[in-house]
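Chain nomenclature is as follows: A, B, C, D, E, F, G and H, assigned in order of appearance, with residue numbering initiated at 1 for each chain independently.
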Amino acid sequence: IRQGFPEVIFCQGKTAEQVATIMKSLAVHNNSILATRATEAMYAVVKAVLPEAQFYEVPKIIYVKRDTIEPDSQRFVLVMSAGTSDIPVAEEAAVTAEIMGNKVERVYDVGVAGIHRLFAHQDIIQNANVIIVAAGMEGALASVVGGMVAKPVIALPTSVGYGASFNGLAALLSMLNSCAAGISVVNIDNGFGAGRLASIINKMR
Amino acid sequence: IRQGFPEVIFCQGKTAEQVATIMKSLAVHNNSILATRATEAMYAVVKAVLPEAQFYEVPKIIYVKRDTIEPDSQRFVLVMSAGTSDIPVAEEAAVTAEIMGNKVERVYDVGVAGIHRLFAHQDIIQNANVIIVAAGMEGALASVVGGMVAKPVIALPTSVGYGASFNGLAALLSMLNSCAAGISVVNIDNGFGAGRLASIINKMR
Amino acid sequence: IRQGFPEVIFCQGKTAEQVATIMKSLAVHNNSILATRATEAMYAVVKAVLPEAQFYEVPKIIYVKRDTIEPDSQRFVLVMSAGTSDIPVAEEAAVTAEIMGNKVERVYDVGVAGIHRLFAHQDIIQNANVIIVAAGMEGALASVVGGMVAKPVIALPTSVGYGASFNGLAALLSMLNSCAAGISVVNIDNGFGAGRLASIINKMR
Amino acid sequence: IRQGFPEVIFCQGKTAEQVATIMKSLAVHNNSILATRATEAMYAVVKAVLPEAQFYEVPKIIYVKRDTIEPDSQRFVLVMSAGTSDIPVAEEAAVTAEIMGNKVERVYDVGVAGIHRLFAHQDIIQNANVIIVAAGMEGALASVVGGMVAKPVIALPTSVGYGASFNGLAALLSMLNSCAAGISVVNIDNGFGAGRLASIINKMR
Amino acid sequence: IRQGFPEVIFCQGKTAEQVATIMKSLAVHNNSILATRATEAMYAVVKAVLPEAQFYEVPKIIYVKRDTIEPDSQRFVLVMSAGTSDIPVAEEAAVTAEIMGNKVERVYDVGVAGIHRLFAHQDIIQNANVIIVAAGMEGALASVVGGMVAKPVIALPTSVGYGASFNGLAALLSMLNSCAAGISVVNIDNGFGAGRLASIINKMR
Amino acid sequence: IRQGFPEVIFCQGKTAEQVATIMKSLAVHNNSILATRATEAMYAVVKAVLPEAQFYEVPKIIYVKRDTIEPDSQRFVLVMSAGTSDIPVAEEAAVTAEIMGNKVERVYDVGVAGIHRLFAHQDIIQNANVIIVAAGMEGALASVVGGMVAKPVIALPTSVGYGASFNGLAALLSMLNSCAAGISVVNIDNGFGAGRLASIINKMR
Amino acid sequence: IRQGFPEVIFCQGKTAEQVATIMKSLAVHNNSILATRATEAMYAVVKAVLPEAQFYEVPKIIYVKRDTIEPDSQRFVLVMSAGTSDIPVAEEAAVTAEIMGNKVERVYDVGVAGIHRLFAHQDIIQNANVIIVAAGMEGALASVVGGMVAKPVIALPTSVGYGASFNGLAALLSMLNSCAAGISVVNIDNGFGAGRLASIINKMR
Amino acid sequence: IRQGFPEVIFCQGKTAEQVATIMKSLAVHNNSILATRATEAMYAVVKAVLPEAQFYEVPKIIYVKRDTIEPDSQRFVLVMSAGTSDIPVAEEAAVTAEIMGNKVERVYDVGVAGIHRLFAHQDIIQNANVIIVAAGMEGALASVVGGMVAKPVIALPTSVGYGASFNGLAALLSMLNSCAAGISVVNIDNGFGAGRLASIINKMR
């Protein structure tokens, strides 16, 4: 049983019973388990069969965490969001990285239309080892942050927006076209994937 | 003959002879004439029949300027570009506004991936009366500028880029989704339209 | 506390309780507050904690208005709509401009398929200082109005329509391609953005 | 050999020799022949083997016309265009209808951004039996005309434009979404199809 | 009061009360009234205030028909559908044409994947004066029918399908690209527009 | 060296020298070699180093054929095309299947807009073992043929067309949405892939 | 009554009563009947009038099977899925092929991101006569399998995924672009079509 | 002058003279300089003024390399390509990473349609510190590799392909939807961005 490598379940499209059964059986041989895109109703069913399971409401994650490794306190993952509506996706990334054994810091609601709010966080941004930037609408935050740091920036487009945001397409295209150095992009709303990649990079040495 | 309202010709898809004929006949009754999307070859033919015609090479504009009105030196239009490749489109906007009788300032190559370069121009940005922001790729500059000022910002997406820029679509969508106050958008590469709208707004009182 | 600059809350995706809490706390230091994309249910909760809050049902806006400035009665913003189904979006624009201290006139249901209805409003159109044109389906009204006036026209595409309207895409593209002078475009259904920009321009002098 | 029903060749993608051979062999048994999307070079080769062939330069049509039927002078097809760049496509429609034995009238360069120019042609519009409206960019002319008449309007989107016109897509969508009565749409740049349909309708009684 | 020209209401997005009020007031001065995209619930409310109103369940049309003109029995509109799921849209077209005073025939469920079923209807197809072809999925029926007749064919794409039908886009594109003579296209699911255009053409002489 | 399994080179994007070198080296150990998307210029270079190489001009295929197996004369692949412009793609499929050891029959220019032309070929269609249908524009031929036979139909969309054909997208979508039994689709213009699949299926027993 | 050729009903968009009526009447003259995209509620109504009808819950298929032919045990169709969420679509394909008289094997949840799981099934893959590969998200499984076998592979994209999967578009495009030999593609989620085509090919000899 | 951080010029859209001037002036204060998307003609002009400049023909990169740092021989970047046509883009990535001071290994032409070729490179894949996967067409290679390793994988879609590859869109979407752990994506053909990000990650410790 390797520490820091939880088994992961994608709950969307599964019944609460299926999720509970899978988690219970994974719990036999795994240190940590992560179930993303879960519902409160699923959690109730899981809790009944696996009492140590816990639930994060905002990112909708059920998890079991038995890993005892201490995260490296010098190397932290910074998760940023442009708006408040992007927070659930940002939290999916943050919690994923945490459960995988990383120290995580958060800076939320610092969209580029109020850029002074962003600059108030210069210090934490400069000290981060890996940065995840969650943004919907025009997704411009990733470029600005990418230009400020020499560390890898994982751009995480969200489906937040309306009209010509086309459910995250505008943010996705914006991020793919970023001119800043060190940026790469994951799927729309894929907080889990961003958190996992951040963890992989953050542990490189 | 009203000052500040040039006649305009869209040259794309016309022959040099057609452009020359139209310009010559417009020159009889108009103070100023603007021919956009022209070529050097067209200019040669125009010049032969209308010697006072002049040519801006970068924005590909042939023009006749007889207006004698002095632009209001207190109210200027600021034209910004994110990259150097956006300059031809930005210049189409700038020259259009100038020929329509406006004072125009330029701040080019200040993309958001190097945001300190942008902030070095704080003063001129704050003093502008109307701002045009030309940007291709991810088009994020419009949002950042829109968040810095209380004046109208005309977002001008350009077709500069490759891959998932889809010939300006990424910049266009990004700008339409901007959360900043006071932004509106014109067609991809429509420097002329941006310059004309800026002129209309700049003369309001 | 500057007059005419309300704080704004985007309610979509927030709970009634969150909206009420934010409005109550903003009410301490702000003259006017605007909460867009609200529901009647949200209003009930807000009203309970902030009795002076009021609700516009058609544009779904909760607001507090304490500004005492008189709008300039010579310079008015004209809000037009092509169909009756576009009215909620048009009203979001109109109410936004009003709360920001502008005189607003309305001309609704004057789509281009019955152009005589449009021309019956020639006078008010010619006298407007800024015009917002809300239209779904083919969005052609913006071009026609843009060609009639020398003032800025803010084209506001709506998601009204079906089939090949693709939720406002047809209107958006149509407006971006307008040949008329002085037109720019905001996001689909972004009545708030159109109203705010109209207010900014209407106060220029 | 039925009068008014020419054989038709689509030249794009064929060699001049192929076009010449096909036209020569069709000329044996047909009254009229129409070759669309032809080039001047093709015409030279055709002319050599079929001297009675003629060429319309603007719509790029080679044709043989032996029909002697007089078009009905009471019922005419009106072909309109929004801009001057739409004229080649409009002429493909007009010439097609003429060769099929219809009286055709033309009203060009009457885009909706200068709607007074359109209204100067009220009489001819009201007297037309079928109307073809060729327009690129925002394609709004079809809706305005459709609202003015009780006769069928064939909307003919053109690929004229740039940026978000997406090679005629904006005009196509705009026309499909028209609220005016009696409008239907053909493919982008399909002047031939519009002219043929107009002829079919114009001959109904 | 002209016969054969009903007033039309588009019910989608209106309340039952609004529909009832409009229909009642239109009933004072109009011979016939047509309310499309209605619901049974709307009909109940309308019926209460306007007892002569009737309801077609399949196409969801409420109507009042007082016209006494006899349709021309020699010239009929033929409405065809490729599948049974296309029938509601086809009926919107058929009923619209009927209320406008046309004789209408129907041939349903004759998709091209079973082309013998189509050919069993050769006679009625050859005798029709105008044909409307409603089809979703691949929309191929319009081309086949267009090739069989010398009369106008109105292609009516429907949103029937799944996957790569993209809500009618596949059928729409297919119909726009038809090589058959005499075809034009209306918006996806726009049975009303197809019926109205068919009526206009069917009455030409 | 297995008979009937040629090595294949995709020439697009390679230099004539590269193609020649690859073919020469493959010729040492292979019975048959197929080089698709070749040019006449490439052929000249190949011929110089590999004199037994031959060239099909229409499908642009260079090949070496040393296989001596006789194709099964009872089981043939039928390649059909809707238009004459589809023939190069159809021939890429046909020649591929032939070189792989299949008997191939061709029926070209039988688009659905003239369905009697199609039915003139009933016999050969009914006797085919596998059918490839190449069509651009609206791509309807695949559905009609698919409905006529109980054998597999490989739909091969081509980029033939203009306007809303979007370089083969209309045909591709149309074919994917076919209701006929036994149809599947390959990439736009992928005659090679269609021919190879047809060969695989044709040899099953 | 031919064995192995069931009549098929597409239930989506039909009422339970319509489905029951159709099935009952088909049951008079057919050996087997297949009703796809059915609901449990539909099954209850069908069962009441046609007691021999049975229901597969996962693929949502109601069926009657009276065929007594034994499937050829040497030639089996292999149905594979990349994820567990693809199983309902995969089962629609598998059950369709079974009811049409084929032996069917299943290998599920062998996505390419864990390619060793796929290779554990080498034997069954190599022995299959036809393979159906159901996959959503990136759809890569079809290419990998296509490269492993010399038999036909039917790629079946599913709408499983989120964000930039665009409801199956990513998988569809991926499969259409496969470089592997012998692959063709059916519509997104069209398990029935894949199963039917597999049956047709599997019976060829 | 920091080692390993070259200045970079994007040559596309610049004249040879502009490129030469910029490179010469950058050469005064920088250790290394990289000019991407250059042409041989540009190189000639650059070479004349900056004789130490060198040119990589395949990736079209002009560079000056004065850095003397030895790359860490234990940590290498692996650049993989699916096809031979992807090599120019892959080389842009590889050369970028090399000039930035990284050891780079290459494994080309190992597309998933011949997966044994891929597995022949198991060792080097497992030992890589960061992997870049360049692929056009269906882009499936990134998923397969991502599933094989625990290190970061940078997916680099290329515009290689035709038809429904839509200039790299299919590969881009495929990569964004990958289910494998540790994958992120850069813009289509953005070899430079991939190489730079790989370098940033490779130097983390």
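As a working rule, a contact is a pair of C-beta atoms (placed from the backbone, for glycine too) under 8 Å apart; a residue touches a chain by one contact, two chains touch by 3 or more.
Predicted, not measured: the structure shown is a model, and the values here were computed from it.
Novice: Where among B-H, A-B or E-F does the C-E interface show up again, with more than half of the contact pairs the same?
Specialist: Repeated interface of C-E: B-H.
Novice: Using mean C-alpha positions as chain centres, tell me how far subunit A is from subunit H in Å, no decimals.
Specialist: One centre to the other, that is 27 Å.
Novice: Indicate the whole-number Å distance between the mean C-alpha point of subunit A and the mean C-alpha point of subunit C.
Specialist: It comes to 36 Å between the two C-alpha centres.
Novice: Which positions in subunit G are in touch with at least two other chains?
Specialist: Expected reply: 163-165, 169, 172, 176-177, 181, 187-188.
Novice: Can you give me every chain pair that touches, using the contact definition above?
Specialist: Pairs of chains that touch one another: A-B, A-C, A-G, A-H, B-C, B-D, B-H, C-D, C-E, D-E, D-F, E-F, E-G, F-G, F-H, G-H.
Novice: Can you check the complex and tell me which residues of subunit A touch subunit G?
Specialist: It is residues 12-14, 157, 159, 168-169, 172, 187-190 of subunit A that touch subunit G.
Novice: Given the complex with subunit D, which residues does subunit C contribute to the contact?
Specialist: 82-83, 111-115, 137-140, 143-144, 146-148, 161, 163-166, 169-171, 173-181
Novice: Enumerate the contact residues on subunit E facing subunit D in the complex.
Specialist: Result: residues 129, 150-152, 154, 172, 176-177, 181-188, 193, 196-197, 200-201, 204-205 of subunit E touch subunit D.
Novice: In their complex, what parts of subunit A are in touch with subunit C?
Specialist: Subunit A residues touching subunit C: 84-85, 160, 162-165.
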